[in-house]
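What follows is chain A paired twice: with chain B in the first complex and chain C in the second.
== the complex of A and B ==
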């Protein structure tokens, strides 16, 4: 097993091709099992690019991180507690509007994000053209068009990952502004939140969750974070893995 | 401002188009879920087929079909779009 230097999380709505991308990147070097205590499939694998080893985790497909299903909790907790070096959000080029919801939610939690616009071939067939440069400027993070199925854009994605870990990219993610009332409450909460959680968690995001009355987050924060250790890296698996 | 044509999504008939103005589901988690799925104010919905017993109904929103029960669509308000 390679001692991976960096961790990459794969996120995205269901059926956007996360697992296809995961399989393309890892080939047969992957393991599957369940998340501790949850009936949610967990798949992780390794790959090497330009001499750097990466561990990549295929998170369950979700539309959101707030609706409190087991899948969404797993995805949220991974971002929060495992703090991957890079989060790749895979979005469906044919349904960008719906997919960008999750992108914005992830951007509130971390700035180390690459947006991979998958199924770009499908979009072309439907006559959808996407201005990735403009989207990247608006979101403040790199945007890479790709077709995982046809192995298009993979190299571009890996180059972006490489640039990220070498500190060549300086993402400035868009901060979603809320109403004056909410922003005032955030401003009040922010110093208190920072005092308690320090730099371990995204303070503005935690403040927002508190205002939201998100009890599931509070209980997750109270518990020992369920870190995945290598010992329980489950049985090896040959062939492709489809996480549901 | 009271809109004359403010109606529930559940009143729409198959094939009709609808623009959402308000998602007023009392259950906050369910409301959040519907917003995540694309039932957002300003969003457009096309009514798809109704199941044989009249409930649930399929709705075409943001490029995907989603079925809602009357319990949910009763709380989605807005207006009918297009020719009457």
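== the complex of A and C ==
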């Protein structure tokens, strides 16, 4: 077993080819089971690229991160508590608008994101063209067009991952502009969030979730032992998860 | 102690957040995200002009709009029912003629072989006449309604219906997906109860299960359509008659949906308290269905299935009711004794003993309520030859029916307890005797209350 240095989370709407990409990247080096205490399938695997070992976790497919279901809670908690080094959001090129909703939500939680636009071949057939460079500029994170099924774009994706972990990329994620009313409430709530929840979590996002009345987030935060040092390895629970 | 402190702090944080949050926070958040996604796509995505998705999007802009969504939905339903009723009238007449013509020869045959009177009564007046009535009354509306409905379904219109209704269900404290399971209920409540598995939250799922039988299923459409066309539009002629009939059935469906929403709302405020969860509903692209195939499938699968169920149950029921109707108990028959026993209660809710008996005997399947009722009436002496639908109305009139009786039977049919199959499924899905009982008792109570009120109100207002 490889001692993985970096953790990658795979996210995306259902039916975007997320698992296809997962299989292409990991081959047979996968473990599957359940998330502790949940009836949600957990799959993770490993791969090595340019001498660096990666652990990759295939999160359940979700449309949002609003903790509507066990799937969404698992995905949210992983981003929040396990803090993967890179999150790859797989989107369906033929339904980009709907898929971007999730991307925008992920960008509120972390800036270490690569957007993988999958099914690009199908989109071409339907006459849909996506200006990925422009999209990357707008989103403020790398965007990679690909077709996981035909193994197209995999190499570019891996190069982007490599550039990320070598600190060659400087993401400046887009912030969704909310209504004046919401923005004011966020501004008022932020100091209290920072005071109580601490700096370890994306404060703006936490504030937004609290305004939305997301009690499941609070109880998740409450169960989490307070982080003592910022240097703590973000993938510390790696072993325990695997052994499940 | 440390943990307790954290808990308190978190509670304070949540309180603070809730005092700051606008009432429609979720709507505002989702709107902002959707608008940002849309703006990003406008700048980075170009569609080929002839893309099929565009076409879907344009239609959806109209049929799921706040302004037109409901109008179009009602218009569609009315149009489907209008076609059904207009076509069924013609077909039913011809079928009734055909069966009446065949019966003459059957009678001649029985006379020619000098069959005993009881055998003639049992086979021709009981079995044949009962079955013939059921077929000529139920087959035509089903043969038109189901294929047309299936075409609409296969075009992809039903998810749009769910999309439109989603708002209402959320307001009622229920899950938006309940709109989908309700739409399934228009086909079959038993299947719809199983389909509530798509709702994850047990609270919202129970709501969907308990209220599912308030929309008419395959077994009840023919009853609604027939009674409406016989009694509700009596004062009108020609296409006005059809239009009014269709309008009454649409009103029935609307009323069923209103009851669904009201019951959901009341339950979500009382026994099943909670906040509705959100979900994403994918609207599939519109597809032109294979028309011939859809029509044939619908006819074979649904029409034939419902008719077969009605006839296989109705035929023996015809024999049994004929026998019961001719077995003397004192100076009356077993059948009229039972109906007579039910009569006082039935009258207070604007029905009569035979109707209530039909509903009770119809517990296994709603399809047989109308057949059992006809058999009951026919065996009670008012023997009517099948020659036209008018004679069907005469059967009802001979038993003291008014438009109010018809209306109350339609209401009772719409609101009463789910059929046996559905109840079994509810038990299997909830694994709870309590909820199964509620699923039986709640609609029954509502049906009795509504018909009682209607009957009282109509009499009080002097309408009957």
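As a working rule, the second predicted complex is superposed on the first by the 222 of 244 C-alpha atoms of A that agree within 3 Å, B and C clash if a C-alpha of one lies under 4 Å from a C-alpha of the other, contacts with A are read in each partner's own complex, and residues count from 1 in each chain.
Throughout what follows, a residue touches a chain if its C-beta (ideal position, glycine included) is under 8 Å from a C-beta of that chain, and two chains touch if they have at least 3 such contacts.
Values in this document were obtained by computation on a predicted structure and should not be read as measured data.
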Aligned on chain A, chain B and chain C: do they clash or fit? clash
Does chain B (first) or chain C (second) touch A:130, or do both, or does neither? second
Looking at A:68 after the superposition, I want to know if it touches chain B, chain C, both of them or none. Which is it: first, second, both, neither? both
I'd like to know which partner A:34 touches here: chain B for first, chain C for second, both or neither. neither
Across chain A, the partner (chain B or chain C) reaching more residues is C
Considering only touches as defined above, state whether A:150 meets chain B (first), chain C (second), both or neither. neither
I'd like to know which partner A:172 touches here: chain B for first, chain C for second, both or neither. neither
Select, from 58-66, 310-318 or 364-372, the region of chain C that bumps into chain B once both structures are placed on the shared chain. 58-66
Looking at chain A, which of its residues have contacts with both chain B and chain C? 63-64, 66, 68, 94, 97-98, 101, 213
Touching chain A in the complex: which residues of chain B? 28-29, 32-33, 36-38, 62-64
Residues of chain C that touch chain A when the two form their complex: 3, 6-7, 9-10, 12-14, 16-18, 20-22, 25-26, 28-29, 31-34, 36-38, 40-41, 43-53, 200, 277-280, 282
Per the contact definition, I'd like the list of chain A residues that touch chain C in the complex. 63-64, 66, 68-70, 94, 96-98, 100-101, 104-105, 126-132, 134-135, 138-139, 174, 176-179, 181-182, 185, 188-189, 192-193, 196-197, 207-208, 210-213, 215, 218, 221-222, 226
Partner chain B, residues of chain A touching it in the complex: 63-64, 66-68, 94-95, 97-98, 101, 213
